[in-house]
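Just passing along the structure, written as structure tokens.
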Amino acid sequence: MIPSLLLIPAVGGVLAYFVRRAGPRRALLVLAAVAHAGMTAATWRVEPAPAWGGWLELDALGRMFLTITSALFLAAALYGVAYLREEGHGERRDVEEGFLFDNAPEATFTACLLLFLAAMTLVTVSQGFGLLWVAVEATTLASAPLIYFHRHHRSLEATWKYLLICSVGIALALLGNFFLAVAASGHGGASVRLVLPDLIARAPGLRIVWLKAAFLLFLVGYGTKMGLAPLHTWLPDAHSEAPSVVSALLSGALLNCALLGIVRVQQVCAAAGQAAFGQGLLVGFGLLSMAVAAVFILGQADYKRMLAYSSVEHMGILTLGIGLGGGGTFGGMLHAVNHSFTKAMMFLVAGNILTRYRSKSTEEVRGVLRALPASGMLWAIGLFAITGSPPFGPFLSELTILKAALDQGRAGVAIAYLILLAVIFVGMATAILGMAQGVPRDARMTARAREPLLRVVPAAALAAVVLLLGVYIPPAVRTALEDAARALG
Amino acid sequence: MITVSGWADTVLVCIVLTSFVLLGSSRLGACIRVVAFQGVLLGFLTLAARQDDPSLRAPILALVSTGLKGVAFPWLLFRALRDANVRREVEPFVGYGLSMLIGTSFLAGSLWLAGRLPLPSPTISPLVVPVALFTMLVGLFLIVSRRKALTQVLGYLVLENAIYAFGVGLVEGTPMVVELGVLLDLFVAVFVMGIAVFHINREFDHIDADRLSALRDWAG
Amino acid sequence: MSGGSILPLLLALGLAPLLLGVINRTKAAVAGRVGPPLLQPYHDLRKLMAKGAVYSRTTSWVFRAGPVIGLAAVVVAAALVPLGAPALVAFPGDLLLFVYLLALARFSTVIAALDTGSSFEGMGASREVTFSTLAEPALLLALAAIARKTGSLSLSTMLPHVTVGVWAQAAPPLALVALALLVVFLAENGRIPVDDPATHLELTMIHEVMVLDHGGPDLACILYGSALKLWLFGALLIGLALPVHSGHRWLDAGAPALGMLLLAVLTGLVESSMARLRLLSVPRLLVGAGVLSVLALLLVLR
């Protein structure tokens, strides 16, 4: 089953590049997404067998992230069909500066989307650290052309920064891989394979200095890819210049894949009894990310950039959760799930707003509730979800993390956490509510336009999932998250 | 007869020299060739490291990596350079003499730091860790202190070379598939970066990465 | 102070101008000309000694003392350098004295140039001093690396201890030191690629411009002093690069002398095949030589 999970998007991607006509190509995209989602759903029923001698295996955590990725991709694929129909080809006028630009060929876009899915799937099923590295680097390479869909100088700048900064970060993670191998090298005998189950089994025998150094490098390396401050500088540019479909996947699925890298090495550290070493660092990075995001969200003029900084904030929150340990880890993992769905939904809605209003500015966009009723409602709902209001999912996860901080007696951390959350709430609420309410500047927009179903339904489905997770966590999900939390110490 | 350690030492010293040449060189074409030569040296290092391994793994790996780093990457980069049609000069933020002096301090620092790290049992030469650390620092320095996007790609390649040197010198048991996968990733990365440089030049008429500053949060 | 042999000093004093002749002859041969006779520098010295000197009214006693002090310093330095046999004067730390004597010689030339009050010579002096500032650390660090490797601080024990065995064991650092010393050799003696000794263009002169106002015996002193300096740097390089210690006195002395001539031919070839570096690129070359010395030192210290 695992090989088919990988092959479906990979083969689909290669095929999509060669299909000439747009209609069949979009159908192929949706078909591949549906097939992948179907197989992923099947893995919850039937435990897939390890492949390739144990290098590829789907454990509980991997399955969790795989499901998120697959669901988001399905939503994005459906939305993408409507998006490509409108934006497809031909010259367009840039919304910010008014010049004319082209879009990339749709075949390239579709192919890269599917290859991106294949790479992300590979990340979730890799048990070997070397393979994990290859997969994460592959996601960077597959997503770079996606960011450069709109062919103009700003997206090129964003693509270049993304490519370079993430590649350098991931190179450091490769060094971390080698350090891990040194930590695992046998004392004049067989060395341990760099596969997660083997490492966890042999954890007490690992060389501690090298293990700690490896953890640091993984944290910095994959943390760059994840968007932890101060390594996040590529994130606002890339997530705001990419088309909304791509931003949804980047924020919702890709950041989780990078997180997986850090989580895997923390599992090894925890098994070796060194969990406490990493936790202080994780708390520090988490709070720093939240603080940096808070500073830049206040008064942010571009709503997509604001959503990007919100991703930085949420990555900070969940890192904080994992760093607190115990219940906090559960909260952090749950937050990863919640954030993915919420942020993806927000980006898809932002895409609708951008198409309609042709403006990225929070000042200029007004009256979304009137001009685009369904999207407007989702936009407002999304605000409450993303800032952690009940009854939505993020509220539960953020509360769990707060509780963990208080349980451990870390009042300072808890207070800083609450203050930053409040600041971010104020920042985002002023922007988003300002956009949702009021009357559109351009009177013609008030005439209720028909919103294509495919543009609204995926986002609405994601919102429904977020609402569901806020009131009821399915037992299978709960068990998976608890397993993961336990494995992290 | 010069021992294994002697050969490896010579190769490692040559790698250090190539890094210094990169720091002090002002011509883009020369820089690309030096990075290619560094890749070839790493191929030699691979052979020296696995001298006692009877299987064909080491020669194949050395061949593939030399082919990629010595032939494919310079070809890609020269193509990007030719299409870019810019002045073939490096244009640094930090002058060449100062760069070389900073490189010297990196070298001293790496030698000191490597002395503090407890090395695992057999490595081919005690110089591997300091040289790899030094080359890594040089790679990062090149990315930060040079103006053109192409030199940033070169800095990234030097960084990857350093990490590869680490791997070859310290690690014995990585499966070949993973090492080949790493090399493949590297190839695609350079390929994509080359395309990006071409696009940057077409879009902006220059390839100065420091002038890519339209996206920012502070005004002005 | 240990007594050595007077042979290295005699060889230096006698054969130094021959080096210049060999270099010029090599350059001519490469250019397809016949060139000046090999003993031309000796004839030049003889001619200059027979001339009178004219001193400008703007100069003082410094101008007249400069060449003499320079020559004296270089001759004393020649007593410190071994060539096939230990030098006449040897004591621990004499390598520092050697470097500083050469610095004294350079200082006296520079100050004589400044004494003329001409801005042209001042320009040459400033260039000369800039380059020497960068070349001296390279020289000292290279000597430090050899000193550390052989465990002694005296030139006369350092260089003979660099045998074939030492080379086999520590080839990388010693090769780097040899390379650095070669660059210093070319820089300190005003050879291409640092300075063109045959140039007549004002903008490109460095050494030539400093001695422009000297004439007669003063110029002879300067010419002979520069030939000696060439010989001394070459002796350092040959002592390092040509580890011949067979025990036969004449072989031990003859082989390095032959090496010196080969070095002169090599210099001639280098000068013929390269162009002079842009003035702004010379510091880069010298820093590069310094870096090579540092690298060698770090490798030896490890």
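The letters A, B and C name the chains in turn, as written, and every chain counts its residues from 1.
By our rule, a contact is a pair of C-beta atoms (placed from the backbone, for glycine too) under 8 Å apart; a residue touches a chain by one contact, two chains touch by 3 or more.
Please read these numbers as outputs of a predicted model, since none were measured by experiment.
Among the chains present, the centre nearest to the common Cα mean is that of B.
The leading chain pair by number of C-beta pairs in contact is A-B. The most distant chain from subunit C, with centres taken as the mean of CA atoms, is A.
Measuring from the averaged C-alpha position of subunit A to that of subunit B gives a distance of 31 Å. The distance from the centre of subunit B to the centre of subunit C, each centre being the mean of the chain's C-alpha atoms, comes to 38 Å. Distance between subunit A and subunit C, defined via averaged C-alpha coordinates, is recorded as 66 Å.
Of all residues in subunit B, those touching subunit C in their complex are 2, 6, 9-10, 13, 16-17, 20, 24, 96-97, 100-101, 103-104, 107-108, 111, 126-127. Residue ranges of subunit A in contact with subunit B, taken from their complex: 128, 130-131, 133-134, 137-138, 140-141, 144-145, 148, 151-154, 156-161, 163-164, 167-168, 171, 174-175, 178, 181-182, 185, 187-188, 191, 193-194, 207, 209-210, 213, 236-237, 240-241, 296, 300, 305.
Here subunit C touches subunit B in the complex through residues 168, 171-172, 176, 283-284, 287-288, 290-292, 294-295, 298-299, 302, going by the rule given at the top. Listed in rising order, the residues of subunit B touching subunit A in the complex are 117-118, 120-121, 136, 140, 143, 149, 152-153, 156, 159-160, 163, 166-167, 170-175, 178-179, 181-182, 184-185, 188-189, 192-193, 196, 199-200, 203-204, 209, 212-215, 217.
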